[in-house]
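Here chain A shows up in two complexes: once beside chain B, once beside chain C.
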Partner chain A sequence: MPENMEKVYQERLERYKTANRNEKPDRVPLRPFAAEFTSKYAGYTAQEVTHEYEKAFEAVRRCAKDFQWDATVVNMIYVWSGLVDHFGQKYYKVPGIELDPNVGFQYFEPADEQGAFMKEDEYDALIESPTEFLANVWMPRISKYVVGPQDSNTYRNNMAWLKGGLSLMAYGGAVGAANEKLKTECGTVSCVSGPIKAPFDILADKLRGFRQVSMDVYRQPDKVQKACEALMPYLYMNAKVAADPTKQVPVSVWLHRGTMFSKDMYERFFWPTLKEIIIKLWEEDDIQTIWYAEGNWDKWLQYTKELPEKSIIYHSDKGDIFEVHKQVGDKFAISGGVPNDLLAFGTPEEVKEVCKKLIQTVGKDGGYLMDAQAIIQSDAKAENMKAMTEATLEYGEY
Partner chain B sequence: MEKLKPKPGEIIPWEVHEKEYENILGDKEILKQEWQNLEVIAFRFIWAILTDF
Partner chain C sequence: MSNNDIYEALVNLEEKKVKQLVSQSLEKGMAPEEIMEQLQKALIEIGDRFEREECYVPDLIYSGAIMKDAVELLGPKIKEKGAEAKGKVVVGTVYGDIHDIGKDLVVMLLQNAGFDVVDLGVDVKPEKFVEAIKESGAKVVGMSCLLTISFDAISKTVKAIEDAGIRDQVSIMIGGAPVTELVKDKTGCDYYGKDAIHGLRFVSEAYS
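Take a look at the complex of A and B:
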């Protein structure tokens, strides 16, 4: 790596780490979470970046260089459809197969009991042994090829396990190499490592489906609660083993269904087990979490406040970022705030004004990271992304 | 079917696998360490399909 690139990288890493700790760096870091915007900018179709991960990595590097990003996700198009093809997941619609090559991948959640990947009477089996339940019951339902222990074995089943495992190994190795290239070619920090999901979100997203779990919380609430408690230590370990071993960059939790339930239900089903995962990662492993609050999580700020100081970086999507700053800005760093519709339909001047206001209010004492409200898609204009960079460089120095 | 009930970070507990050896003439800890190293990766595969893919 050229000496000056190493220097740039070290400066950016320090800037990123300092802001994440809710302290004042030399300047507000630019840390966009950008998905299909990168591929459009680099001239690739959604099919190309979803299926050929080296193109996805390269598209991110193009943007990181051109927009001077301090830190970013090495590939925000997180589903590599090659693995989906090899292991046979049924719940994705993939660009170039079921979708137009220029449309991003889509997740199709089961809408009824018949389609649910976990049935209403299977809570006990999940609670008794979560990993075995996933391997023996859930995977045969979500994969075209995998069969359960009660079925006759098949060649395609054996090969799906083989190719699924090899795919993940190959992808993991490629991500490591891409992180290094992002560092040496762009001086940009790969900003996030392992994933966390709230146990309740796993039930709602991938196991029962939202409609089914919405009935379960009334019909069998004790089992829903016990299932969240049973999943908790596994989801904690899953995040821990995938986290950055040097502990320099955080893991992230992608928050989904917690805002769609009442206070009582949030308190009972969603919050306790998620809180425990985040606290364990922070107190036992020294790992921070990006609290990626998809939607508007302002009504639960009183709970988020219970987390230890500096344990999370609060990413505000549709919430009121100024209210978030008022309520939790003394405890946690905050990111986000630039509306995605402004990046798509606004002017560079309007983008710069919003960025300036964010820096001068949310970021006035440090602990702020510049980003859009939500993951940046192909509708964002390049000139507006450039304006976000220019405003950060112009107004963001301390 | 008997459940193995793997803990977080494992898919086939060492205690189950250990009983499958007829005899161990050398250092059992070497076998255990290698077994558990790959267990974590295999655990991550199962749970990565659930959480990442």
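Take a look at the complex of A and C:
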């Protein structure tokens, strides 16, 4: 790596780490979570980046270079159609196959009891042994090829596990190499390691489907609670083993359904197990978590506040980021706040104005990272993304 | 049994009690229409509570499920009869987007209020919206959009409606988490509803 790139990288890493720990770096770091924006900017269709992950990585590098991002996600187009094909996953639809080449991949959540990947009377089996349940019952349901232990084995089943396993390894290796390239070619930090989800969200997204869980919380609340408790250690382990071994970059939690709950439900089903995972990662493993609060999580700020100082980086989407800053800014770093509608339809001047305000209020004493509210898709205009960079360079220095 | 029992039970989301009361009332000769009226009133109350943040998305979903079972008990007669619909509305999630929980709530509240909803589902192409508007003669079309990437699909749908020469016939409302007034203006829609209740109000006005 050219010497000056190494220097740029080290500066950015330091800037990123300092801001994450809610301290004052030399400048506000630019840390966009960008998905389809990168592919469009690099001239690729949704189909190309979903089928060929090297193109997805390359698109990110293009943007990281041109927009001088300090830190970013190495690839937010996280579905690779190879893996989908090898495991025969039924819940993804892929551009160029089931979808128009220019439409992003889609994940279909089970919509009714019949389609649910876990049935209403299977809580006990899940609670008893989550891994056995996933391998023996869930996998055969979500895969076109995998069969359960009660069925006779097939060639397709063997090939699915074999090819799926190999492609997981291939992708994992490719991500490692892509992180390295992002560093040596762009001087940009790969900003997250392992992902976490709240146990309840796993139940809603991947097992029962939200509609079914919405009834379960009334019909069999104890089981829902126990299921969340049973999933908790696995989700913790998942994050821990996927986390950056050098502990420089955080893991991220993608918060889905908690905003849709009443206080009682949040307290019972959502919060306790999620809280435990985050605290464990922080206290036992020294790993920070990006609290990616999808939607508006302001009503739960009093709970989030209970987390140990610096254990999370609070990402604000539709919430009021200034209020978030008032309430938890002394405990946690904060990211986000640039409205996506403005990136899509506003002018560069308007974007700059918003960024300036964010820097001067939320970022006043450090602990702020520049990013949009939600994941940046192809609706964002390049000139507005450029304005975000310019504003950060212009007003973001301390 | 007082006259409001079924209403109360549904408002309180007491699934078993609702079923029991509906069966008992039928046995005692209560008119299915009367039972239906109580059930519908309860759903409207739940919708109002949702707006006041006294009840939440899972409650809406659950109440919908309880309602469905109760209507089954009332038998096919009541379904055929039904009150005269207040008007037709076409609703769908725009092309490229499969989020449907918010859209389904909009559909549910509209139906509860007595509108006849043509639900096009998710990932709906502009042509399909146009076709449905033409076929139903709906005065309002509602688009749900949860992905900023699909802002473009909103614009394209509006354009398709214009090209089909039916823009004057329909009011277009949009909603979904990333949608804002700015998005409404830039895509050429008529109304942005920040939640399902606002959508219902807009439709009610259009048909008033």
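Details
The definition used in the following text is that the second predicted complex is superposed on the first by the 398 of 398 C-alpha atoms of A that agree within 3 Å, B and C clash if a C-alpha of one lies under 4 Å from a C-alpha of the other, contacts with A are read in each partner's own complex, and residues count from 1 in each chain.
Rule of thumb we're sticking to: a residue touches a chain if its C-beta (ideal position, glycine included) is under 8 Å from a C-beta of that chain, and two chains touch if they have at least 3 such contacts.
This is a predicted model, so every value here is computed, not measured.
Of the two partner chains placed around the shared chain by superposition, chain B is the only one that A:Ile202 touches, whereas chain C remains out of contact.
In the superposition on chain A, A:Lys356 makes contact with neither chain B nor chain C. Contacts of A:Val217 after superposition on the shared chain: chain C is touched, whereas chain B is not. By the touch criterion defined above, A:Ala380 reaches chain C but does not reach chain B.
Legend: residue contacts after superposition of the two complexes on their common chain; A:Val79 is shown touching chain B, with no touch to chain C. No residue of chain A touches both chain B in one complex and chain C in the other. Considering their complex, residues 36, 100, 103-104, 106-108, 111, 210-211, 213-215, 217-219, 260-262, 265, 295, 318, 339-346, 374, 376-380 of chain A touch chain C. Chain contact summary for the complex, chain C toward chain A: residues 13, 15, 55-59, 61-62, 65, 95-96, 98, 100-101, 123, 147-149, 151-152, 177-180, 182-183, 186. Contacts from chain B toward chain A in the complex involve residues 1, 3-11, 40-53.
Residues of chain A touching chain B in their complex: 78-80, 83-84, 87, 89, 128-129, 131-132, 134-135, 138-139, 142, 149, 164-165, 168-169, 195-197, 202, 206, 233-238, 241-242.
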